[in-house]
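Two complexes are shown next, each including chain A; its partner changes from chain B in the first to chain C in the second.
Coming up: the complex of A and B.
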């Protein structure tokens, strides 16, 4: 009906490009999601310690990385850090080259951006926890650490899972911006393919479907996790 | 009432345009002469062929050529209307009758020859070349195999770079990013249109760089005309031949800061010889 022409998909070069693109997108998403969750946990843990200067530090981190566009963070990491002196000497050529590769810049920016959002998600989980549970744990003689690991963390995790799913899906889609700093992910190659073939609509439809499929796997997995972890009184638990 | 009149005027103009477009098939030359004006599609964003100067005027190598053609056809180089076109719309503008000719970095291809006629070829436009530091010893495309080379996303030759030459292409969205990355040593060179890189080399910042790898292809460039209008094509070709014989194209190369090409020099020589 639309006269779609997918004959370009027969070209082995384009097949390989799409495959490399998907692999790089997955790598970037997996790496930055794991790091974001880790940062989120550490940050939320930091908040529970109620140390004045640590609170201020985490707050500053969250404000800086949550309130700036990830695209800007990537460009900053890619172009500005190396200009500021984050360079090494390449032993094979003797030239001074930037320390961070394009992929590293993208992974770090996405991790920090996702991490800042995750800290807030985890913190909201901890803070919405009924005071009575904490009091009950105290009266049972739980210490600070035991209380965090055995009571607060398990309940907070369950409370913040839906919010975390949102953050991770957003982070997955934000990987497409890494093409700006030359990370050869899916959008990087998609652009080149439709510039070569003029089949913009066809390429866009295909890339859209690939993203829908990949992100759906993530959201389904998160839904399963949510169902698996559910316990009476919270979220999907009855 | 004035509004109505204007509207009628506009309709009449639209109608006239329609007929002109139709009549164009009969003979663009007669039309141009009757109108007293040659309407040409040119670039206004492509140094040195057609671009805006400091005063906001459209100038450039092909703009000068178009004005010369207008002078030959109508007696004055001011009897011209320059219509800015881009690659995506120039052929439509021509076939729809909105312009009489294209002088806008139009490469001669067999695909296009099915739709339009070309004038005599007047420039041999270089394809991509590679800008590298002066110390570099690389001089061939094959030697770039496995090396990181900066480029621009969407360039038509990118596939050739990666698939044929085995280059690890680091492609950016815009030129300034690629130049920055080259200076940062993120790549050993920058592959881009030779003409643009030649212009860049003139900037003091780039004195320690050179065109290390020469273009692997040259594409002839010509004016574009509507199909099967021999009378008009001969008139335009005659004007271009005359400009070549007078050494005008070489003078325009100088005027617009282009490196002197053997191609244009050879054509000038041939045209001059033919005339005598």
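Coming up: the complex of A and C.
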């Protein structure tokens, strides 16, 4: 069919590359997603404190990382962080290597990019909170922190989950850009394989299917989480 | 009534939102066990008085005391924790926490804020649900309850804090006429048990029946304050007469 040739896929070397690629993609996505959620929560929490200079700082962070291309951010992180001169001696080889690997630079830059978007998602959840719910919590004696963790965060999380799903799927797909700074993830090995085999179309179709499968798992998991967190009167809760 | 005896004392309280002065010098006393209704036209500052008493709104000028708490001197929610233990509030829009069941709504604050024992709080919460005749709704979420049912859960939630005072802020204004009586019934019971209550209300008949004293507010001032029979049947101030003429 279409003259597609997948005989290269029988080669154990290519199988291994694909496997390592998938594992590294998952690692990068898991790491940067977790960090992005954490940054998002801290940033949104920061906004609730209503401290003038903190608001300005978070705003600046969000604007910078939301309004520039993630690829540029990644290259920027790679070429600045790796030239800071931070080096450590690898205990196994005795060689001096940069403290921050390409993988670390990619993870940091993706975390910041995702974090900026997540701050806005969480903020939307907190700011749609009816003022009256906050009044009720205060009148029951809840202080600022208890109110945030016990009441605002659980309700806000429910409200911002669809937005967060968007951000996490986008972040997952953006990990492919780490191939540009030599992070050996799926896209990087895909390039290696088609440079070797010249089977560009076949490799791209396969990689596309792998991404569809992986991202579908993520969106399915998020849909399950949404259903789990649903409560009556909001969204799909009955 | 002397100032010392009063459980709640407001003296010349002023409060503005931007350029608009809502309270222009409110002074009132409430004794322990007294039920006081505040009536008056919309925008006359009724709800604002309640929110100042439990510290939800900081005041610009004046003096507020509840028990031993000098409310106007408390600056943070943390500093007000003990005040909020003593003074509970029930809102027009119920304001139950939508992500928790009726029973959990009642149990949350006593456990999380007051640090009371969970088993003891659950027993207390179930008793209160029974008291507001909603035992069978313990595991329902607010979104599954009618307005009247939500409001009765909100009353139970306020009572679970074991307060000395409850502030009711137009608690029947958002309800269907047929559910209003269930809520008023629950409040009437509390008043008869001797709980100190301040009620902002538009239910004139209820105010007349349940309260020991009625305050009429207009344009940020308490115009007239008297026992209900006196205020409703023989109002002294022309503004009170005009208002009562419109609503009765």
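Just so it is clear, the second predicted complex is superposed on the first by the 219 of 238 C-alpha atoms of A that agree within 3 Å, B and C clash if a C-alpha of one lies under 4 Å from a C-alpha of the other, contacts with A are read in each partner's own complex, and residues count from 1 in each chain.
One rule holds in what follows: a residue touches a chain if its C-beta (ideal position, glycine included) is under 8 Å from a C-beta of that chain, and two chains touch if they have at least 3 such contacts.
As the structure is a prediction and not an experimental result, all values here were calculated from the model.
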First (chain B), second (chain C), both or neither touched by A:92: neither
Chain B versus chain C as contact partner of A:188, first or second or both or neither: first
Per-residue touch tally on chain A - higher for chain B or for chain C: C
Touching partner for A:133 - first (chain B), second (chain C), both, neither: second
Which of chain B and chain C A:7 touches, first, second, both or neither: neither
Common ground on chain A, meaning residues reached by chain C in one complex and by chain B in the other: none
Residue numbers on chain A that touch chain C, as the complex places them: 130, 132-133, 135-144, 146-147, 150-151, 154-155, 158, 231-234, 237
Contact footprint of chain A on chain B as seen in their complex: 153-156, 158-159, 162-163, 170-173, 177, 180-181, 184-186
Chain A - residues contacting chain B, complex: 13, 79, 82-83, 90, 95-98, 102, 179-180, 182, 188, 191-192, 195-196
Footprint of chain A on chain C - complex, ascending: 51, 54, 56, 76-78, 80-81, 84-85, 87-89, 91, 93, 95-99, 108-109, 112-114, 141-144, 157, 161
